[in-house]
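These are the structures in question, set out in turn.
In what comes next, chain A is part of two complexes: it sits with chain B in the first one and with chain C in the second one.
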Partner chain A sequence: MAEKKLKVPEDFTWRDMEVGNIITEPGNASLRKTGDWRSMRPVLDKEKCIKCGLCWLYCPDGAVKLLDDGYYEPDLFYCKGCGICARACKKGAITMIEEGEK
Partner chain B sequence: MEGQAIKFGKNMVPLADTLAPGHSFCIGCGEALALKLACKALGENVIISMATGCAEICTSPLPVTSWRVPWIHTLFENNSAVISGVEAGSKILMAKGKKPQKDIKYVAMGGDGATSDIGLQALSGALERGHDFLYLCWDNEAYMNTGIQRSSATPYGASTTTAPAGKVSIGQKTRKKNMVEIAAAHDIPYAATASIGYPFDLMNKVKKGAETKGPAYVHVFVPCPTGWRHASDMAVELGRLAVETGVFPLYEVEHGRYRMNVSPSTLKPVEEYLKPQGRFRHLPEEEIRKIQEMVNEEYERLKAKAAAFPLA
Partner chain C sequence: MNKRVGLEASHAVAEAVRMADVDLIAAYPITPQTHIPERLAEIVANGELDAAYIPVESEHSAMSACLGSAAVGARTFTTTAGQGLELMHEVVYVASSMRYPIVMVVCNRALSAPLSVWGDHSDVMAVRDVGWIQVFCENNQEAFDLTLWAFRVAEDPRVLFPVMVHIDGFTLSHVTEPLWLPEQEEVDKFLPEFKYPFALDTDKPMTHGAFGIPDIYSEAKKAQEVAFLNSKEIIRQSWREFADVFGRSYAPVESYKADGAKTLLLTMGSFSETAKIVIDEMQAKGESVGLVRLRLWRPFPYEELRQAVKGAETLVVFDRAVSSGMGGPVCSEVKAALFSEAVKPKVAGVVGGLGGRDMSVKDFERVINRGKEIAKSGSGEIIETVGIRG
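Up next, the complex of A and B:
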């Protein structure tokens, strides 16, 4: 998507900006990692999952991705760890564990 | 992949997002969810103008943007005026053949402060002139972006930084401004309330509002974990509880005729909605009773209106 070295946002300086502060690529926020905000991590139990998709629907950050096999998996690159998916899951297939635990 | 949309019962939700992830909304933000769902409902043929606020700040922190559709940042005051100009200008350019004929949806978005306080005059003007646009209000009941200052949409009893609860005050002393009624008073073709607790209802209303010829207004209830001081996983739950307790009833108004979308036979006690929120933690028993009476009264009034002027 972006061959341009988009260093966001830590080591981005004014020198990297286009003239007029124009953003040339729509939706380039998707290159930005918001997963490092997380203190709790969702873990999916595929045995309990019925592929209903409610976690995908309710995720405020668009951080649940649909896999080829029909399961919905938390995308830890974006996931901020709010736990809305775990609460929305009727089957209790998603549990929130402390970040750093195995 | 199951094609372009995912099926939930009879509702189809598009897989593609016009709002890219990686935005900087707070953890568990209700507004982020509402915005995501609204963008899915609106699709790609849309021009959005957005007043300053959480949604604007969080989706466009330089040097990145979450937007994959045309998007204009405006001030608080002129949001509706900007979208009016975009709509009128596009119409003229299309009529003159200078722009290809296209069914474009014009959408203005703003927070509750931008809508019910600062941008009200421009919104009223745009509704009155009858521009073909949809106004979406993200109502998180205070100026959350600048640090939880009270707005006219803050409900009675809520503690905010400019209406703090303490020895002499219970927090916000005035009642919430009823923006949907104000919008409906312009006799517009479509005004509605929506909540993130009911995602399909929300998406259908956004879609209906955007497809309506003429001005449409949808007031979206979005819990804010930061400002309301509730747990980060409670936003959707609170969006549902607000409807089930009657604090924020879901209804539509078309040219002054009402339809209740969710009308539970018995309302839950308002305490269930207040309890998970830190901004109501200080409320004594009698104030909660008072809030319950207010909610009951307003709900009865709405039900009476819906019974007297039903939408066919």
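Up next, the complex of A and C:
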């Protein structure tokens, strides 16, 4: 998968702003990386996970994705590390660890 | 044919809104509101105007409803005054930054405390920096004309900024005067159908009101400011076109008997008409005085002001508000506008007419004479006032 990227290019000037700062390309917010704010990272233990989807349901940012094998996994490109998924998980399958830890 | 009628300024504004065929009116109907939304409610209820009328629960909601209305491309009107404008404040900024061409008539009133619903310019001065085009009216005819004109300039695709039309609380809003009403055909000729180029549309999705991260906020503000300053040319142009259709002309700065006058008085709003009388009387006594009135308050008419006061020795600026700890706000802006000029009049500021206090012809004579004294001696209090006991 190509790397998702939304950067403000150097040559994008005030003259390039749309009237009223309107965004004419729908849905491009998904290109913005919000995961770099995170200080705590969710780690999934597939041994404990029963694929119930509670983490997916509770995530306030829609940052939990459904994998082909039926597991749910935090999308670290967006995940801000709030820990709600870990709290919601009935099986204790999600652990929050400090960013930088292995 | 045009017809001459007697109307309260509030009803004149309502009539202009009707003739402009507005699509949506959102207004909070309780004090400090005026007869404008009251009359508009009647007009809509009587079927004389096919518009949505939303009696919202606060002024904050009024402006919020206006944002949504303008976003879908509806011609949008609201009105408020005094404290109501303050409660609306947060959303007023949003309207200009999102470039929604809303028209709002503000009936200028004092701010509490002490509790006051009477007229002055305190409410206006609190919205100086909000990025709306702002004009002042002196009489009921102007209230009608400039309300109508406001839609034209706001909706011009080269402008797309909201417009605030200021009419003085009570001295205009509640006073009946004769004025000329145009024919509907003339209004239609001057005011084309509103076509907002960025109207929300499910077939062409776009985002209004997105986040402005630090990477983009400064560019957004610069783009807004440049567009706002550029609107001045369209303002002038639309006033020329207004004159072509209706025969009455307006300009960013207007002078009265000011040619060659050594001393100029500067006013804004309805008190300018009283000031004209004092100019007549003092000139009859052989004094070299004239009057300059600021019609366009934002964007500030730097060039026109410099031109209007050229050659005068003294400029006395009359303020109906206090910028607490700093003096009269109009005076300080006028001083800033003239600062870079090599040759300029001495500027003196006098504050008066607060919270509904009347300013008589005699009072204006005192303003001019006191201003001349301050300018001559180079001294004076930080806040010079007129008509205050003690």
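The rule is short, and it goes like this: the second predicted complex is superposed on the first by the 85 of 102 C-alpha atoms of A that agree within 3 Å, B and C clash if a C-alpha of one lies under 4 Å from a C-alpha of the other, contacts with A are read in each partner's own complex, and residues count from 1 in each chain.
The rule is short, and it goes like this: a residue touches a chain if its C-beta (ideal position, glycine included) is under 8 Å from a C-beta of that chain, and two chains touch if they have at least 3 such contacts.
If you're wondering where the values come from, they're calculated on a predicted model, not measured in any experiment.
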More chain A residues in contact [chain B versus chain C]: B
Partner chain(s) touched by A:Cys55 [first = chain B, second = chain C, both, neither]: neither
Which of chain B and chain C A:Ala93 touches, first, second, both or neither: neither
Partner chain in contact with A:Arg15 - chain B first, chain C second, else both or neither: second
Partner chain(s) touched by A:Leu44 [first = chain B, second = chain C, both, neither]: neither
Contacts of A:Ile84 with chain B and chain C, given as first, second, both or neither: first
Contacts of A:Pro26 with chain B and chain C, given as first, second, both or neither: both
Which of chain B and chain C A:Thr34 touches, first, second, both or neither: first
Contact residues of chain A, present in both the chain B and the chain C interface: 8, 12, 16-17, 21, 23, 26, 29
Touch list for chain A against partner chain B, complex: 6, 8-9, 12, 16-17, 21, 23, 26-34, 37, 53, 56-63, 66, 68, 70, 75, 78, 80-84, 86-88, 96
Touching residues (chain side chain A, partner chain C) in the complex: 8, 12-24, 26, 29
For the chain C and chain A complex, residues of the former touching the latter: 97-100, 160, 197-198, 205-208, 210, 212, 215-216, 218-220, 222-223, 226-227
In the complex, chain B residues that touch chain A: 1-2, 6, 8, 13, 15, 17, 19-25, 27-30, 32-33, 36, 59, 61-69, 199, 225, 231-237
